[in-house]
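As structure tokens, here come the structures.
Next come two complexes built around chain A: one with chain B, the other with chain C.
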Partner chain A sequence: MNVNQVFVNKFNQLKRDFSAQLPMRLKAIDDSLQACKEQPADEVRRQDLYRLLHSLGGTAGSFGFAQLGLDARIIESEVAALAQCSSWSEQEMAHIADALALLKQHIFARQP
Partner chain B sequence: MNRTKPERVLYVEDDPDIRAVAQMALEIVGGLNLKACSSGAEALQSAEIFRPDLLLLDVMMPGMDGPTTLAGLRQMVHTASTPVIFMTAKVQASEVAYYRSLGALGVIAKPFDPMSLASQVCQLWEQNVMPDLSKSP
Partner chain C sequence: MDSPLPIYALLVDDDPMILALLAAFLESKGYSVIEAHDGQAALALIAQGGINLVITDWVMPRMDGLDLCRAIRMQQHSSYVYLIMLTSNSQEDGLVTAMQAGVDDFLGKPLKPAELGARLHAAERVLALEARLENHNRKLANAYEQLSRELELAKAMQLAMLPDRANLGRIRFDWMFEASSYVGGDMFDYFSIDERYLCFYVIDVSGHGVSAAMMAFSAQHLLLSSAQQIAKTIARQGGDLGSAAEAMVAGYNRHFMKLKDTSLYLTMIYGLIDVASGKVALVQAGHPPPILVNPCGAVTPIGDGGLPVGILHNAAYEAHLVELTPGSRLFLYSDGITDCSDGTGKEFGQQRLQEILVHQQRASLAEVGVNLGQALLGWRGDAGAFNDDVTLLCLEYC
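Our next item is the complex of A and B:
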């Protein structure tokens, strides 16, 4: 087995693990958004949400899930743009929730 | 001295999945000797013993981000002038210019292609560090 094959085998295992953990990651993002809804002025909670989306975007892209990575990056950018606000309105929260719902819809539509 | 790739790379990335992929890519595909750290604080602890000749830093990390980690490493004797490459999703011209102003050899965009990550690192090394090394006695 050559070096590239060793890498591909290990990479594919990590990719399968990522796919298996995707529902947990999405749940964590949902929970984080819920926490933001409960305390809209809490900057730490908003940063947590941003980091979860940032992580999903980066990881998905590196595992070859390009569209998922891009979708997550779009929501991440929207969250980042809202970071300058002292508190998020219900409308802004609803917008992020809608974007997340669409993201999940896309993920489950792509799964075999 | 005319090394075509770094001998010891200190790599810092907080996301465990991305760290695992990059570590495999750099070690298995690139044949690099890597010390992977999950935080800037761990990197500061590891640097003195590992004595890297290249730093590969994620930019956005909780606690100490990449630039803050670099500032800490610059305070240490063995990494005061060690070449650095940043890895980030933020690669607009102004952002890249900022990382270069911190002394970065270059920036590797995330998400990265695992199969070409090591060659990207070695290319930046060859372009920026090898010319200097070849001048040294």
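Our next item is the complex of A and C:
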């Protein structure tokens, strides 16, 4: 087995691992959003949410989940745009929650 | 061809999946890989040394990629650390900031193996160049150290070869010599030819460094071993010191011209004294003129130039004759004194030298040397050490 084949095999294994971890990642994002709703003015919580979305966007695309990556990036951008506000309104929270729900729908619709 | 430079990569990302993907790719390229989950952990690993490639995510907890890169660039490392920042489209506006933080290259997320391979290839190229440069610098530093040691040795030898202060018959000899920061080509000496005659000289070989110093040593050896020849020449010239001095310098020039592959030349004052009568013959070969100070304080520069030794094959030299009376002083010096410049580049000059020699007429020869040395240092001021050898040879007829 050459080194390229070793890498391809490893990549495929990681891709399966990522797929298996996806529900856990989405739950972590849900939990983070919930934490933001409880403390809308807490900047650390909002940064955590941004980081989780940013990570999902970059990682999903890297393992071949291009659409998931793009969808996550869109939500990440919205969260980043709201970063300037001192606190998020209920309407803004609801908007992010809706976008997240749509993202999950897409994921589960595509999965076998 | 050189073997490939070993790459020790540190991967920094808070997402274990990205770390695993990067590690798999880099290991397939033969890199050694370690991982960290944030900037602070990465810094601790870098501090252990050996890392020459860092691939870091931008957005991370505790310390982000930007601060990590800034911290790495502020540290001293034994070799260059190449930094690649992982970015997403949303961070394009921050690329300039990242470059200012010391990032060498960027890698977009989502990761694409082909792009990653190309970026790593560029990193390898830069690191290999850096390693070669470092190797060259190390060799240069070693060579410089060795050269400095040799120059120091040559300088010590130069000092060891200088004559003792002495009275030879009715002539009192003293001198002041300050070596330049680099070894130079000044040399002087005096010795008895026989009971009646003395020889003395000051030479200044062009340039600095070991070659100039070796030429000065060689000249000293040649001149010192010529005592018998001088005596014969004086006898052949019927006791005419001037003709004898001219013949000796012309002979030395012929000898010098036989030396091959040298662009060196030297300037010289060569003198012969009849100790009993005080008669002196001086040959000036491109050297600054000797200064005669008689007991009543009159100052006379002697000579008008002459060709340096080592310029023309059949150069002829002209002797100048003076007669010393008791209390007369004769000063020979190198252009390290007259050309000694202050902080603005202004030279000390011959006039200033003459004034000091006259004002110091009641001082001993040793004191004249010390006082002139202090005056020159004062003239240099903040300019520091002398950039040429400084030589003053003093003769007093008792």
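Please note the rule applied: the second predicted complex is superposed on the first by the 112 of 112 C-alpha atoms of A that agree within 3 Å, B and C clash if a C-alpha of one lies under 4 Å from a C-alpha of the other, contacts with A are read in each partner's own complex, and residues count from 1 in each chain.
Heads up, the rule we're going with is that a residue touches a chain if its C-beta (ideal position, glycine included) is under 8 Å from a C-beta of that chain, and two chains touch if they have at least 3 such contacts.
All values reported here derive from a predicted model rather than from experimental measurement.
Overlaying the two complexes via chain A brings chain B and chain C into a clash.
Of the two partner chains, both chain B and chain C are touched by A:G69. Once the two complexes are laid over each other on the shared chain, residue contacts for A:F18 go to chain B and to chain C alike. In the superposed pair of complexes, A:V6 makes contact with chain B and with chain C alike. Looking at chain A, you'll find residues 3-4, 6-7, 10-11, 14, 17-18, 51, 54-55, 57-63, 66, 69, 73 touch chain B in one structure and chain C in the other.
Those residues of chain A whose C-beta lies close enough to touch chain C in the complex are 3-4, 6-7, 10-11, 14, 17-18, 21, 50-51, 54-55, 57-63, 66, 69, 73, 76-77, 80. Every residue of chain C that touches chain A in the complex is listed here, in rising order: 14-15, 17-18, 20-21, 24-25, 28-30, 57, 59-61, 86, 88-90, 109-111, 113. Of all residues in chain B, only 15, 17-18, 20-22, 24-25, 28-29, 31, 60, 62, 89, 110-112, 114-115 touch chain A in the complex they form.
Across the complex, chain A meets chain B through its residues 3-4, 6-7, 10-11, 14, 17-18, 51, 54-55, 57-63, 66, 69, 73.
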